[in-house]
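We just call them A, B and C in the order they show up, numbering each chain from 1.
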Amino acid sequence: EWNASLWGSRRAFTEHVEKLAEIVNEKSGGDFTINISYGGLSKNTENLDGISIGAFEMAQFCAGYHRDKNPTITVLELPFLGVKTLEEEVAVSNAVYSHPAVVDDLARWNAKLLMPTPMPQYNIVGTGEPLDKLEQFKGMRVRATGGIGEAFRTVGAVPTSVTATEAYQAMESGVVDTVSFAQHAHLSFRTIDEADWWTENLNPGTLNCPVVVNTDAYATLSDEHRQILDDSVSEAIDFYLENYGKLLDRWEEVLAEKEVQKVTISDEELAEFRRIGGEPIQLSWIEDMSAVGLPARELYELVQQTLEETRAK
Amino acid sequence: MAGSASVIEDGSRLSRLDQMLLRVERALALVSGLAVFMIMVFAVVSVSGRNFFNAPVPGYVDWIEQLMPFIAILGISYTQRDGTHIRMDMIVGALRGRALWAAEAITVFVMLVLMVLLIWGTWAHFQRSFDFAAPLWSRDSSIDIALPLWPAKLAVPLAFSVLALRLLIQLWGYSRACWLGLYHPAAVPLIRSTAQIAAEEANAIGQERSR
Amino acid sequence: MTSIEIGLWVSGLLVALVFLGMRVGFAAAFAGLVGLVWIFWSKRGYDPAMFGWALGVAVKTAGQVPHGKVASQALSLIPTFILIGYLAYYAGLTQALFEAAKRWFGWLPGGLAVSTVFATAGFAAVSGASVATAAVFARIAIPEMLRSGYDKRFAAGVVAAGGTLASLIPPSAILVIYAIIVEQDVGKLLLAGFVPGLFSALVYGGLIVGLAVVLKTIGPPVRGFTWGQRFAALPPALPILAVVVIIVFFVYNPFGGDAWGTPTEGGALGAFIVFLMALFRGMRWKELKSALLETAKLAVMIFTIIWGVLIYVRFLGFADLPGAFSDWITSLEQSPLLTLVLILLAYAVLGMFMDAIGMLLLTLPVVYPAVMALNGGEFVSAEDSAFGMSGPMCAIWFGILVVKMAEFCLITPPIGLNCFVVAGVRDDLTVQDVFRGVTPFFIADAITIALLVTFPSIVLWLPSLA
């Protein structure tokens, strides 16, 4: 019997874990159960701590919540990596997760990466006049954290520190003009209710939120149960993608219903943004991480190479 | 539910230890109070920066979250010193003499056991966020501007250690009172009514002497 | 033993420790730690060789809580709300309020007592803590009432009851705590407290006027103030209005425009205004230092209960007790409203023996999910719900109800904290005197609670606008 520590409530973001628990229970005839707790076992930023202690066997967390805990996977959160679809996100995540440096990084927490939580790009919603030119970003207050926030800063926007739960209020009160989230979060934190427009193709980057298991717990599973767990992952991910696909369909409906304008930014503007806000941050990440002895360039190239391969298929 | 009570100070060794520790406790509590003041100042700077210069404080939320553990925990021993931590004193309030000191000694002992375990647990929490080899010694950082979390995490076992010393003094004080059958022991918080009785007795003694 | 049985045993241990007089926060943390060890050890079949492992995991799990749970931006409202109250005292706002209330409402039957209630309601708008309000007004209002010939017990009762208003009328530390435990919008809860708080004040005022007509123990009205004198008393109390406006406008703009910021910013800005005012009124480092030390002490007291209880709650999470309790509550074959009333009555009884914050923190993790389930769940629409309101509205309504219950418990014997505080400030009063004097206000509170249960819109109309 395993405990899995998630947070918030059941939503598109957690459907692969729910599905995994369901399949594992079924295949093992009820001998191997995974109890999912939403926030009861740990705080979201401390799920890795809980795994390291051995308080629970499975957990989900986001790399960007604590860069210093998991420096290697933050490569997947760099701005303007060029990931466009959830399938591409799955492919690059899996490639990075199996890199030895990443495995070692997580081993410090007694954690083994099990599967990604593919999330779409953190496109922004905003109020007032839609932004489609780079110069319009000057002085715009945006709720975006970490690398994405940094990228906005390079074009003159002002990243503003607001918690996710205060994002709606912050938008309503003009504390921020725009908010950067994945679609499910725009829906659940209601920022879409305040929005006049949404950037459809800015694709500034995303958060990477893997599901991990405790190494010892994984090792002490019976061979049969371990096999069941490993084999169920791809099915769980497929289910997640299908479900998130439905959510994206609903997103389109909500946009239409609330008359939120879809902003398409021209290729030239995007290329310029990537040149100013993407590449320098990517380079400085490679520099910083190499300085502490991580194979940063290798990881970065692995992402690019995997992207090309996935697109070639 | 009892509010604060009073602590008798005299020239005994225990009372001198109590007063020495009190100085440390008061300093920590003042740091905690100043951190509250800083939260206020931060908000003013952030709101005016945003509205007048379009320059909000970068990582405002991260900074507030850094300050909060200092506010919430540094003063814990100062608050225990005079018995301000909330409790239900319906039953202990009805006890007198040795039975009262024994009951106080037992609950203080359980608190001491708890604090020793929590010093271990919170120290482990700090250790997981600390790495001598890493930049800024940090192995855990905040979400927005990646502030190292270890200083705030270290504050917890530190404050708990001071509290453990405080509990040792109180355990000694209560045990001694129970052993010797004292009426108004020094260096431990006395329930108000008891404190009043003690004060009245002290006054009465003073009057007899002056006669 | 199932994890639910372990949950019940450990909860029993907690109750025993609390009754033995162990400080509430530490008792909860200790019980939670024992429970965690038990749960982890039971997972390894109570193998003696695994006890050390279970202890280590439990201690490290508990060790995450004190730092992890208090490092929250929303909780920063609590110390700023407390600081406002202390600074307001140095800013001379209490005296100014009482003087203004006296000139405006003194002519009513029982005028000084009515003025005290309205002045405490006004002070509630800058004070986050009931106890602090009662302590401050015991110094200011009781002497005046005694000079006018009031019965000393009744005068003390008025102050003890008036003090409770501070926790409904925002800013309120206890509403923030509720919002955080149940993960609801702090701003909406603070807004929701406004009308029931004023409503309570009006019920108190009405009761006093009624009693003054019937009883002789209440002093005469205070007459003879000219309109000029009345208006002259207003400016010194104006900073209160500034603070109210800031806090309200940072949550919700009543004129339909944008709000000005977030609630956490509003609380801190309110404190800053009162701070400037206190500086102007002659507060210097010595007074500021004492205000900061008192703030730290009260904040630490509250936060210790918060993290202590959250260690216990972490254990409950592993034992899944809240789930089991809410299954049980919803399986009861009686009307949901009756169940809710019984829960409120249980709070009245529990509150006789416990502190308000401790009581809410200890019970809400189990009771709140059960009440939400009774109404039909977190996402239920108003039409499909048992109480005729959506999930989020039910969370707000129940929050105001339990906070009002908790306030009620501040004036009920045997350990109503406000009564102890009033008696503590006044040498000529015993706790029994204050309890006797406050008795009429039980009736007022019972009426208020019954009305809030029957007409939820008193609570919900303001937050439903935002």
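Rule of thumb we're sticking to: a contact is a pair of C-beta atoms (placed from the backbone, for glycine too) under 8 Å apart; a residue touches a chain by one contact, two chains touch by 3 or more.
Only a predicted model underlies this, so the values are computations on that prediction, with no experimental measurement involved.
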item: Touch-based graph of the chains, sorted into line, ring, star, complete or other; value: complete
item: By number of C-beta contact pairs, the top two chains; value: B-C
item: Most widely separated chain from subunit B, with each centre as the mean of CA atoms; value: A
item: Distance from subunit C to subunit B - Cα centre to Cα centre, in angstrom; value: 23
item: Euclidean distance of C-alpha centroids - subunit A vs subunit C, Å; value: 39
item: Residues of subunit A engaged with two or more neighbouring chains; value: 45, 49, 53, 162-163, 175
item: Shared interface positions of subunit B, touching two or more other chains; value: 61, 124-125
item: Numbers and ranges of subunit C residues touching at least 2 other chains; value: 60-61, 64, 68, 73, 261, 264
item: Partner subunit A, residues of subunit B touching it in the complex; value: 50, 54-62, 124-125, 128, 134-135, 138-146, 148-149
item: Residues of subunit B touching subunit C in the complex; value: 1-3, 26, 29-30, 32-34, 36-37, 39-44, 46-47, 61, 64-69, 71-76, 78-80, 84-93, 103-104, 106-107, 110-111, 113-114, 117-118, 120-125, 152-153, 155-156, 192
item: Complex contact set, residues of subunit A against subunit B; value: 45, 49, 52-53, 64-69, 139, 141, 145-146, 149, 158-163, 175, 291-292
item: Interfacial residue positions of subunit C with respect to subunit B in the complex; value: 17-26, 29-30, 33, 59-64, 66-68, 70-73, 75-76, 79-80, 82-83, 131, 261, 264-265, 267-269, 271-272, 275, 289, 291-293, 295-297, 299-301, 303-307, 353-355, 357-358, 414-415, 417, 420-421, 424
item: Subunit A - residues contacting subunit C, complex; value: 1, 3, 9, 35, 37, 39-43, 45-46, 49-50, 53-55, 162-163, 165-166, 169-170, 172-175
